[in-house]
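A short write-up of the structure that comes next.
All chains are identified by letter, namely A, B, C and D, in their written order; residue positions are counted from 1 within each chain.
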Amino acid sequence: MSTNDPRVSDWWRTSIIEMRPGVIRFRGYAIEDLIGQAGFAQMIWLMTRGELPTDSQGRLLDAALMAGVDHGPQAPSIAIARMATTCGVGLNNAMASAVNVLGDVHGGAGEQAVEMFEDIAARQAAGASLENSVRGGLDTAIEQHGKFVAGFGHRFHPVDPRSPRLMQLVEEAATAGIVDGKFAAIGRAVERELAERKGGRRIPMNIDGATAVIYAELGFPAPLARGLFCLSRSVGILAHAWEQKQQGGRNKGPLPREYLWTYDGPAPRAVPQRDA
Amino acid sequence: MSTNDPRVSDWWRTSIIEMRPGVIRFRGYAIEDLIGQAGFAQMIWLMTRGELPTDSQGRLLDAALMAGVDHGPQAPSIAIARMATTCGVGLNNAMASAVNVLGDVHGGAGEQAVEMFEDIAARQAAGASLENSVRGGLDTAIEQHGKFVAGFGHRFHPVDPRSPRLMQLVEEAATAGIVDGKFAAIGRAVERELAERKGGRRIPMNIDGATAVIYAELGFPAPLARGLFCLSRSVGILAHAWEQKQQGGRNKGPLPREYLWTYDGPAPRAVPQRDA
Amino acid sequence: MSTNDPRVSDWWRTSIIEMRPGVIRFRGYAIEDLIGQAGFAQMIWLMTRGELPTDSQGRLLDAALMAGVDHGPQAPSIAIARMATTCGVGLNNAMASAVNVLGDVHGGAGEQAVEMFEDIAARQAAGASLENSVRGGLDTAIEQHGKFVAGFGHRFHPVDPRSPRLMQLVEEAATAGIVDGKFAAIGRAVERELAERKGGRRIPMNIDGATAVIYAELGFPAPLARGLFCLSRSVGILAHAWEQKQQGGRNKGPLPREYLWTYDGPAPRAVPQRDA
Amino acid sequence: MSTNDPRVSDWWRTSIIEMRPGVIRFRGYAIEDLIGQAGFAQMIWLMTRGELPTDSQGRLLDAALMAGVDHGPQAPSIAIARMATTCGVGLNNAMASAVNVLGDVHGGAGEQAVEMFEDIAARQAAGASLENSVRGGLDTAIEQHGKFVAGFGHRFHPVDPRSPRLMQLVEEAATAGIVDGKFAAIGRAVERELAERKGGRRIPMNIDGATAVIYAELGFPAPLARGLFCLSRSVGILAHAWEQKQQGGRNKGPLPREYLWTYDGPAPRAVPQRDA
């Protein structure tokens, strides 16, 4: 129609979705052709990457997504979802307050791990040995983000029960030629190097490390590791918000009501008279 | 340990997840047993419902989730994700600001449609005919939420291309005995009744109506229809935030920069002198 | 310029702010004239109401805003701000996750109280006595929102120390002719009626009730009572987020780390074999 | 009471607020003593800084807060508030989605400007001349954050009308001995240096620069500049959300409905057959 100013239409520009009345296409594929053909994990891939994965690639992504949905109500994201629910907001709002906190510390480990893995791979591609690449990559990561190496070690689990099983899936996929296996080898080598630096004490790969191996193997850029984790953890967030809704409660605080916090500020004092 | 006050532990109580060092179980299942066995959609079911679905049920849920991921950057949720990204916040924050707005009007249609379908089913169960149950259920829904019947009609698509294909999947599942088919029949009957009320003009089922049929067939309570939509739409939100990140831009407003809004307030005036 | 499509400019229409290069006017007042003349509370009034208040009105609004900034880290909004901060997000994000939960239960009491006060005033205006109006208004409020009457009673404070002082300010303002005093009288009468219904046990006005009296006296519509509370509580949210930032901590959960939640779900069980 | 585990109480520790039944104290001051004595801006200061300001300091903070409340619906924060409102969420939720995007690019300029001003002041304190300190501070800021120097220049206003008036207030306060004036001088010197680097073309101080001068003069640490901006902008966010609520509308997108975005992705294509 003549009323369409192209600069206005161009202000919102996308290669993800095309729409006309009665028509919805994602990356060129009609939605009615995708429904029943592409599963949810494959759709996540298509939307973020531009092309459909194979079924095998889709299954590996699916496993990474399903493995990280929840880590219990002591995780800030989950606790926030439950507290929010008792304040009289909708499930969408509870989910938002919770997903919002998946920041650098809570949700960024996967992103940082993929970055480190990619850095190590680049060192290898430039000719360094796996061991030297790992040493250099680790040093850089520690320099940037501190002594807690993203993707390795866990303050609660001696061995994170999700990691060995995920790594097994990656290695099966590598054997079957579905992925390269390069990042699985890097992940294992980082574990070895960390144990060596700690005099033999293992700091095993955690869920963030194992999913980072999968995301790197599947070619996802590092920032999407955080995005994918947000999708994954949203499931636990929803489940806990919903359970809390059914449990009831009003304005749930972090502690039982008879507990008060510790106050360590100034003693009682009088408000000074106003002056200029 | 003696230090554990049970009232404190009880303040956070859940039947979703059990943890001990090295152990994570969801609803009694060890996570390492679930990985590779239960797909993402099945995990969503387990987390929100308490039991695992069959593969066939899982596939139907999967289809409902993948079908609604995105409706383009004119949808407020998607536009907000893109604008947020250009303001210098993380993908998790952009997702949060966007999911947050999936409220009664933008994300609540599925919930309202499931409620109406359940109301109609309850009327049938109480002995009314399908036609009379539909009339009563429609009247109640319109009374509560206004003339736009949630799940039917679309301001852009004459026929929402997602609905016929989703309904086809439901009907195949009913034929195969995976679901009952009762809510599919109710959905069709609502369509017929609406057409009759409009003198023959069709107001066809939209994506919210079709997914509501699926959620109702699979036994999800109405509020979870909104929760599941939030999971689904989070995919499109992430994809658009990520695309915008790659396009760049700073503080993207809704319109090209040379456009200003229309101001219709008071004409310029002097600030009155202060008085009491 | 010819490129400006009026329909596009009209899509965003406001009577709050007018801008041209070098010019910013709020409700017709040039910002450079307002700066130094109108204080923050008066600006809040101008922005939400359209006209500037008198100094005295502005001071009463200011008192209501400053009184409700914080209720300690057991309040979900404050706890969320602190937890969010330890997850590696910005102050703006911590504030957003927290303000978001000021929903019907946590932040909506002021709104409900203003609604009830207005309902009572309308009954009076229609000729009923104060006592009968209060009885009718209370009954309606309890019918709509349940037995906890918004604005009265406190689960922690026998008498909320903020209320008597705020009511004193309102009554001084009424004596000075700055406000009418009608809603202060209504608030007092609700207290009396509640005590009578409880056989003499006082259920005194809390902060939400006292600020609702002020907002009603100043002519703010009920939904803005929630909005103003969001502005007020944002201060406490910011202060606690900032204090937590300085205290440090990573992924702060609701309880000390050695505490686990109580799990009351299914006992350990094997994942069933897949079937259709 | 014997049931109080100190480790639990210590997990939530604050020097901001002390509470006992019937008692609320902020930084040692009883709330009933503060009400009517300390204004909203002074309370913001007390909460974030630990001590009450003088009236004069409070007034300067108040001016910085009231000056930045709004920059119209083309600002992403304001547009998001309006769009959110039409999606069926509460004012608190609309405010949250909007405040959330006051990130590094949209809300972080004040923080960056204070950092730069402090860096320049530190160079002076170490013995460098004002001019050399400004050159060094500017170079560092540009190196860290790019060529747009936070606090200076505006893409819309040749001269931001808020800045000269705010600077006038600072200079009056310096003359009166309320503030030192050091940061005002630094701000002016940055303006001169930028003009020199641009061959005389002025890149005048904008609202972020002028408020950063005030916050630095008043001793606020840089991150609080962002926090204070969030408080300030929350007012405009609330006002626009409320105005939109009154205008009505459902699922307001960024553009009038007849506009579609530009799609530049793959042409229509068939979904490939599934394979491994």
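Operating definition for what follows: a contact is a pair of C-beta atoms (placed from the backbone, for glycine too) under 8 Å apart; a residue touches a chain by one contact, two chains touch by 3 or more.
Treat the numbers as computed from the prediction; the structure is a model and nothing was measured.
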Chain D against chain B, contact positions shared by both copies (same if over half, else different): same
Distance from chain D to chain C - Cα centre to Cα centre, in angstrom: 22
Centre-of-Cα separation between chain D and chain B, whole angstrom: 34
Between chain D and chain A, distance of the C-alpha-averaged centres to the nearest whole Å: 29
Junction residues of chain D, two or more chains touched: 3, 7-8, 10-17, 19, 30, 34, 38, 72-74, 79, 89-90, 92-93, 96-97, 100-104, 107-108, 156, 254-255, 258-261
Overall pattern in which the protein chains touch one another (line/ring/star/complete/other): complete
Chain C partner contacts - residues on chain D that touch it in the complex: 7-8, 10-17, 19, 21-24, 26, 30-32, 34-36, 38-44, 47-48, 59, 62-63, 65-67, 69-74, 79, 82, 90-93, 95-97, 99-104, 107-108, 156-159, 161-162, 164-166, 168-169, 223-224, 226-228, 230-232, 234-236, 238-243, 245, 247, 255-256, 258-259
Sites on chain C touched by chain A in the complex: 3, 5, 7-8, 72-77, 79-80, 83-84, 86-89, 93-94, 96-98, 100-108, 155-156, 250-255, 257, 259-261
Of all residues in chain B, those that touch chain C in their complex: 1, 3-4, 6, 8-20, 25, 27-30, 33-34, 37-38, 50, 52, 54-56, 89-90, 92-93, 96-97, 100, 178, 254-255, 258-272, 274-276
